[in-house]
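These notes concern the structure reproduced below.
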Amino acid sequence: MSSRDQLEVFPNPREDREFTIEHVHPEFTSMCPKTGQPDFGEVTLRYTPGAVCVELKSLKLYLNAYRNEGIYYEAVTNQILDDLVAVLQPRRMTVVTRWRPRGGLHSVITAEYAVAS
Amino acid sequence: MSSRDQLEVFPNPREDREFTIEHVHPEFTSMCPKTGQPDFGEVTLRYTPGAVCVELKSLKLYLNAYRNEGIYYEAVTNQILDDLVAVLQPRRMTVVTRWRPRGGLHSVITAEYAVAS
Amino acid sequence: MSSRDQLEVFPNPREDREFTIEHVHPEFTSMCPKTGQPDFGEVTLRYTPGAVCVELKSLKLYLNAYRNEGIYYEAVTNQILDDLVAVLQPRRMTVVTRWRPRGGLHSVITAEYAVAS
Amino acid sequence: MSSRDQLEVFPNPREDREFTIEHVHPEFTSMCPKTGQPDFGEVTLRYTPGAVCVELKSLKLYLNAYRNEGIYYEAVTNQILDDLVAVLQPRRMTVVTRWRPRGGLHSVITAEYAVAS
Amino acid sequence: MSSRDQLEVFPNPREDREFTIEHVHPEFTSMCPKTGQPDFGEVTLRYTPGAVCVELKSLKLYLNAYRNEGIYYEAVTNQILDDLVAVLQPRRMTVVTRWRPRGGLHSVITAEYAVAS
Amino acid sequence: MSSRDQLEVFPNPREDREFTIEHVHPEFTSMCPKTGQPDFGEVTLRYTPGAVCVELKSLKLYLNAYRNEGIYYEAVTNQILDDLVAVLQPRRMTVVTRWRPRGGLHSVITAEYAVAS
Amino acid sequence: MSSRDQLEVFPNPREDREFTIEHVHPEFTSMCPKTGQPDFGEVTLRYTPGAVCVELKSLKLYLNAYRNEGIYYEAVTNQILDDLVAVLQPRRMTVVTRWRPRGGLHSVITAEYAVAS
Amino acid sequence: MSSRDQLEVFPNPREDREFTIEHVHPEFTSMCPKTGQPDFGEVTLRYTPGAVCVELKSLKLYLNAYRNEGIYYEAVTNQILDDLVAVLQPRRMTVVTRWRPRGGLHSVITAEYAVAS
Amino acid sequence: MSSRDQLEVFPNPREDREFTIEHVHPEFTSMCPKTGQPDFGEVTLRYTPGAVCVELKSLKLYLNAYRNEGIYYEAVTNQILDDLVAVLQPRRMTVVTRWRPRGGLHSVITAEYAVAS
Amino acid sequence: MSSRDQLEVFPNPREDREFTIEHVHPEFTSMCPKTGQPDFGEVTLRYTPGAVCVELKSLKLYLNAYRNEGIYYEAVTNQILDDLVAVLQPRRMTVVTRWRPRGGLHSVITAEYAVAS
């Protein structure tokens, strides 16, 4: 279960201008629910803020909270997007997860959100 | 002959959202039907899932089954796409194969599928 | 507080032609207002000049003036854009700041300006 | 004079689907007609096949036949495109030649063909 | 003052087909009019020829003639474009200059020309 | 506390010849005892076997067991070396740990063992 | 079981001079005896010839013969060295095998031979 | 003037074994005493500890204290070495500083210390 | 047969000092005597001159003369060394040839000469 | 003729300790005496100072003074070494020049000086 409550925000300093914020966390780790072994990956968050921006340290703690949680690639990518959209209500947001090889294959999952126009 | 039956699937955890899954297998090998010598390449699968996603280990076993099969670059690329489309019924799918040099030339084959709109 | 007055300009040598100027400053440093520790980054400025271009040495001195100023990533990126737009009145301008990792995360902020058409 | 007759073809295994084939030959050499010295480059062929595909070994022999021929960059690029279009009748085709430096300058020539729609 | 007269041309071997020619000169040097010190950069010329192409050696000599000339980044980029457009009358042309760092900043200037349609 | 008991061995297939085995684990993680935050690094083990070699999967499980253990860079490097020397009794062994940046600094620790001659 | 008989030799063209020959085969594959899954690696052979050199195509066929053989990293490295030493009787020889990651770890095995002096 | 007092130490966990510790700080900045402009560089510290090791955060604060100090490349490199040798009394120590280009030249200064044997 | 006579020399400007000259020719091509197909490689010449140095353009013409000659990797490497030693009488000389892949394998041949001491 | 007089020095701040200073100038240009065309290269100076160090800006001006001088690779490398040894009287010094390709070949010249022991 995710820890959406850990995410803290601060007011967008230029809410009148559309601009883009990207945070890359190359130290993401969770557990494979099938094998019980750890997975390692890099999480990229890119968004156009609405009224608030995510505070960097709270984002790190939120992502670190997956450390001992069993969850699949596809599920964790969508979960991170859902949590951040709920808390930040951004204009647009993309989450990309890039995973280290398992059984010789490496994977990249990309999920996007945009306010309906 | 391909081994489409080896492919296993699991339900798309967010069928309501279009998102993208990419798996890269840098350890693909098959046999050249003309020379009887092995070919080596990297297979990239990128798709927007419909109701199901492909299970990673079964994808690996499916691709490994070409190991001793004689098949040309162009044919194997289209065959992988046909098998995965049949089993996954994705919204969109691309298969790219990149081959190590033969006779000094190296090749890349790209085939795509999309649900007719 | 920023030092917009340091920026010097020279006449655009070809105001009749739209062309693009990019300056990259990989030696940007400011202070984190929260921790009091220095931040390090690279600032990229890309613009289509109007009547004037920015003089390179004055741009460097302007950027160096943030050295001991406490300011957040999002704020400094927008501040640099505002100052340069005010002084240069360009046709289009983009400011990108890329930051070295803090707590394992690295960030990129992008802000753009264009004359309304 | 080019050796278009050396090119062999095989039937497109999936003529009903548009897909892309790319072959890269990094070992191309011809002669400079002006200096009599050898030129060295890399030839990339990218095409969407029609009824036939080019056989890889015959493509190599065709390209190797320029080895002792005096011909300029611009001419050889267009000649290769003309020969391959004549023999393959593809839907689309691009030829790119990238040349090693001469007098400190290096060059890239790109020529394209598409069936008129 | 530039040496447009040094540029020599030869007839476009395929004037009926639009194709692209790119020449990269990584050994460009001129003088800074302000400091009197040398500047170093790389000049890229990309164009779709009209009736004529530029002869490679004359292009090199034309670019080398800036060696001891004092001229700013923005001016030299536009000057090269003007000279080549005047002599070649191309369908489209782009000149990009990339400069080695001065005072820690490095710059890229891009200017384009196209026949009005 | 380390889990030396997890390490499994198999007989050296060529004990009469000195040869070298290197295993690199780029997915190592432990906890910082001071901050309670996770550390991430890459562990390289290089050794000349004596009577036995380490089994690869047991090595992975041994290294994964540090996942939630609080331990400093210098201590964990020496601990891994001690455990592997105790179990394998190699002729020579080196352990290198390379750590991702913390506070802008990144570190490398190297410890070696050799049978006294 | 290895296929030492496939190796062919030709006379050293300069037996009076010590020189070095290196062949790199990046397309090596064998089977893991434990999991039954394929392993992929790169084999480097470096040697100072005695009376004979190894013929390149026969070396390739010899290495390809491991394709469906179950054998461990450490064993196959020593086996290749033993076979080549037996057939070539070189002055010195090194075999290095570099393996793609398995379970997140990647390995390098190095074995050497030299005539006793 | 340097701030040697900021350096904190902790006991070497394995004083009986010679091992190596390397810390790299890519975010070093000081002031040029001649021009008054900032210099930027990367400081590498490599040492074999004696009775104590340097605490990482105090090392960072020590290096950050040069931020507004005017000092030459050669002097700062020797100063850092002197301070760390005085506080740590290591068996061996090397300090390397790598500087970003000034006037087109970039510099590397290396200073070493070893206990007299 | 090689064209040793094409090599021209000029007097060593500092015969009293031992220094090193390296020339790299990445555009070497010869013919495989077995298949009749072209081979491509890079030739590196490194030497300490005696009384004379090799003139660069004549070295290029000498190497280009192998273009249509059938010769094996091992033989051509030793032949180049023999010719250059005969003409230059250097104090020390090394010739390295690095070849593009054939049948998936790529090769490097190294031959050295030194005046007996 | 070289301009040794332009070189300025400052006192070695730690003459009692042997340390190493390296300056790299990637923007060196001179003229080929044979063709009259410019040559471009990178000059690396590495030395252990005696009583004095070379001042960076004067080194740059000294190297820039070769801009319009006709001189061969081998001669200029030895000339720079001679001038710097005469002015600095270092304990050890190495000059390396790396040249951009001419006629497809690129060259590296290395000359060293050491106080006789």
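For reference, chains read A, B, C, D, E, F, G, H, I and J in written order, and residue numbers begin at 1 within each chain.
We take it that a residue touches a chain if its C-beta (ideal position, glycine included) is under 8 Å from a C-beta of that chain, and two chains touch if they have at least 3 such contacts.
This structure is a prediction, so every number in the text was calculated from the model and none was measured.
Asker: Quick check on the interfaces: F-G is repeated by which of B-G, A-B or D-I, going by over half of contact pairs matching?
Answerer: A-B
Asker: Could you see whether B-I or A-B has the larger number of C-beta contact pairs?
Answerer: Of B-I and A-B, more C-beta pairs in contact link A-B.
Asker: From the C-alpha centre of chain B to that of chain D, how far is it in Å?
Answerer: Result: the chain centres lie 28 Å from each other.
Asker: Just how far, in Å, is the C-alpha centre of chain J from the one of chain D?
Answerer: Here the centre of chain J sits 46 Å away from the centre of chain D.
Asker: Give me the residue numbers in chain F that touch at least two other chains, ranges are fine.
Answerer: Touching at least two other chains: 26-27, 37, 40, 100, 102-104.
Asker: Along chain B, where are the residues that touch chain G in the complex?
Answerer: Interface residues on the chain B side: 26-27, 29, 37-38, 40, 64, 67-68, 100.
Asker: Which part of chain B faces chain D closely enough to touch in the complex?
Answerer: Going through chain B, the ones touching chain D are 72-75, 77-78, 102-112.
Asker: Tell me, which parts of chain B touch chain A in their complex?
Answerer: Those in contact with chain A are residues 12-14, 17-27, 53, 56-57, 59-60.
Asker: Under the stated contact criterion, what part of chain G meets chain A in this complex?
Answerer: Those in contact with chain A are residues 37, 40, 100-104.
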